[in-house]
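Let me begin by presenting the structure, written as structure tokens, before commenting on it.
When the chains are written out, they are named A, B, C and D in that same order, and each has its own residue count from 1.
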């Protein structure tokens, strides 16, 4: 399967995405500089984490005007799979490709640690290999991962089953203590209505191998591979 | 405008304001064969400051061991470099940003990280890890809390934005640092041998190119500022705080590495302390060449800047490079890709001189190496009377402890001993997906992708020991850092150090400085660990006195097979626990004596260099043979604290806390054996089936080894003397700083 | 001569403001009990070329606010234009 | 009834503003060539208890700005007070 990873000035998890896709999952991966418009014919586009434009102004606010983002939007409009991780999620929200917005963590601090997330929806191309309610141990590393959306938006998310993953404890219970950043409804990741665009704050790119503390992130990549196989 | 500053008369007052002594001024006149103009005076002033010129330290630094088969680059470049095999090398260096952080904690610490990162990537190495060593006054002080919070956030924001994991560090809270906090930042990079590049200029007429942020009036005289004591007046001089721009630095880093990997450069140097002045004269002097630049071509942020200001500005995130002939256009193309400013501001000459023009008119013309060769001083030294008092302290005047459980709780809650989770959670320590051992164990461990190699790293300092006995204390700092590496299963291969002291012009401070350098050198020679570079920060004092003499040591360890890495926490119930080394029994200089008895005194523990070296070797051998389930050295808080940490520090890594039941070896005072800080001791555990082999191996290496108990239960039980709940201890340990900072 | 545009971006009332809440707590703890609410926003100053007409400056400033300086999901903005 | 205080915190002119510079570059690249300078600041709204006198509000607001909202090493501030 062919992945393209977009690279913005200030992206810094681009290497991690490249590594997990190519060396751990054994797939093809192209790195696409933000000034380019040709995505090089991918099956899935990954918008990686990092600090595009230093996170200056607002996370993701400047990156979304990069030339490559128009191509990513067109690709998604045609049904292509797009996944945004951490800063990638923030960029997709700013670009309007995903609903909601990510604001400062409730603690106002950057937080780097492993958390647990619960898979709420398995009928997406990004989670189809998960069992319903499966709990994944997966790291977060962000200062602005506090998901917010207005009441109407939240209702829509629920009605359309767009809340894909939520923060929980190791047993899968969603508790206030297991919500690391104050996200509304403990939302860790959402998809769009068409279910082909997915964003999440936790890092499946950093949790592909046991030596790193968890291989649970692999199931996200495996789902994407399965989705492609299903299409073919 | 320009002419008015050029006309400034060089009076004794002007010379003094530039921090130059009358005989230094005479020396400048002799070098030039005439009087310097004000711009030239400015150049000498910054380059001959303590910070850049190492006037009071160079003679002693020369005594340190710097050579070894793996050393590819020793002191003298932006960072030291060591071979680690398979065509890879590691670059590392530590640097202080104490004074700027005291004035403006967030920006000061952030720009400190920025500076040390530039030192790494200007060598052609990609930074792969950051470390930091911090010292503050007691955490109960609200001013300290703000300082601590600001410094940590500054380090976090910079490293996180750059995408470089901060994987190790240390924090100490002690009264001696209340007015002078210490912020030492270390960075580590990986480089293929063929990509190593140096900060030299060569090749007649090769273009000299300026890249990065524009030049403003910030930090002018930062270097001279870092070389004087903090007084109320210096808080006034602060007008020009440097604002960190990690995004710019990220672009600079990527562009620089691309330029180097495409073989477009002759040399490259960052602009740190003393800015354009330092980078220009150092590159010329190292390359045995000359450089001519025109300051009018320097990209400027403010209007009407004089040559003096442009040359001395310490605006951050700037670099100077010399392109290969015919590569200038390609250099500009790479920089354009990264949206970076670039300006050709001059060219390489063969005159050995640093010539500065402004719109074609010469404003400074001096021999480049006269700037990099500051005068060397051999200050007077005398042993402070207090040292004898410490040595003569009578331990028997302190009653033995009756309530070891309570003392253990108190020690684990002491902010210096307690978990620094509040700190490292703010640092991205996983980015680049190489971190195999995250913060919380004796050393951070990284893999080198595509190989079986790995690196272990740690940074340590023990100012309180050095204050009691600078020679012994310095030996212990090296030993402890190397021991931390050995506990992780790696071989200590090289070291960098940052020497934080008060004013060298005071004979007592200089005495400490001299003895500390002897101790560092002797320990490194005993362990065969070369020092590949470092930094000196003097004048860390205020009207009420100097800081404790604080050498900080950054240690690099190598794994040929990183799968042998060991962590400090117990793994399985039933595993036997051993103590390697002798339990000892003195309490002098211990954290215990300080925390429970309020006494910062006594005889500093003694370190037997040979016994310590054998310990490092046996630990490595045991790790290689995969005997070890865990290994953790006894340091602050002694045996009891080390044991407790083995029980619960795995919690940071989502591993279960485990109890242990052990007997207390040795004879004599309980408090000495439980909480004393005798050296060369490590608590290890292994799978039950490995016990006999482990004991045999210890015997072979001549290292004392005693089976003391086994892992299991919900309590830490030491003989009949102490029994405490692990959950309670873990809670105190992990939340003590968090609660104070809430 | 140029145009000086001052832009004020504020969070919509329905959006939580963790930073403002923290500042308020800190102020109350510091003894400023009379502070009953704190909201953090952004203040941006833009300098425009003097050759543009006032109408053009207003039009461009509005676009810039709408597209870049504020996120309409959570923020509102207003701005003022002065000749300088 | 209460007091509404609007605080404007800006970087001192000599201090570099990486955020502003980055936003300016972005705007220029997006086609807004007429934007010749951008400086980023903070805009904070404080609500004070209406029982305080105007003079007290001013005094407290000034202290709050100096101690907490602005960093005197690099920033300046000004504020306005309104009855609401």
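Please note the rule applied: a residue touches a chain if its C-beta (ideal position, glycine included) is under 8 Å from a C-beta of that chain, and two chains touch if they have at least 3 such contacts.
Remember, it's a predicted structure, so these values are computed and weren't measured experimentally.
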Selected pair, greater C-beta contact count between A-B and B-D: A-B
If you average the Cα atoms of chain A and of chain B to get two centres, how far apart are those centres in Å? 36
Taking each chain's mean CA coordinate, chain B and chain C are separated, in whole Å, by 41
Taking each chain's centre as the mean position of its Cα atoms, how many Å separate chain A from chain C? 30
Which residues does chain C have that touch at least 2 chains other than itself? 67-69
Where in chain B do residues touch at least two different other chains? 245, 247-248, 339
Could you pull out the residues of chain A that touch at least 2 other chains? 53-54, 56-57, 62, 65
Touching pairs of chains, all of them, please. A-B, A-C, A-D, B-D, C-D
Chain C partner, complex, touching residues on chain A are 57-58, 61-62, 65, 94, 100-101, 103-108, 146, 148-151, 182
Would you tell me which residues of chain C are touching chain D in their complex? 2, 8-10, 20, 23, 26-27, 30, 32-49, 51-52, 56-57, 60, 64, 67-69
Show which residues of chain C lie in contact with chain A when the two form their complex. 14-16, 18-19, 22, 67-69, 71, 73-74
Touching residues of chain A toward chain B in the complex: what are they? 9-13, 15-16, 19-20, 23, 33, 35, 50-51, 53-56, 109-114, 137, 139, 141, 143, 170, 203, 205-206, 208, 211-213
What does chain B use to touch chain D in their complex? 103-104, 107, 213-214, 216-218, 238-245, 247-248, 301-302, 315, 339
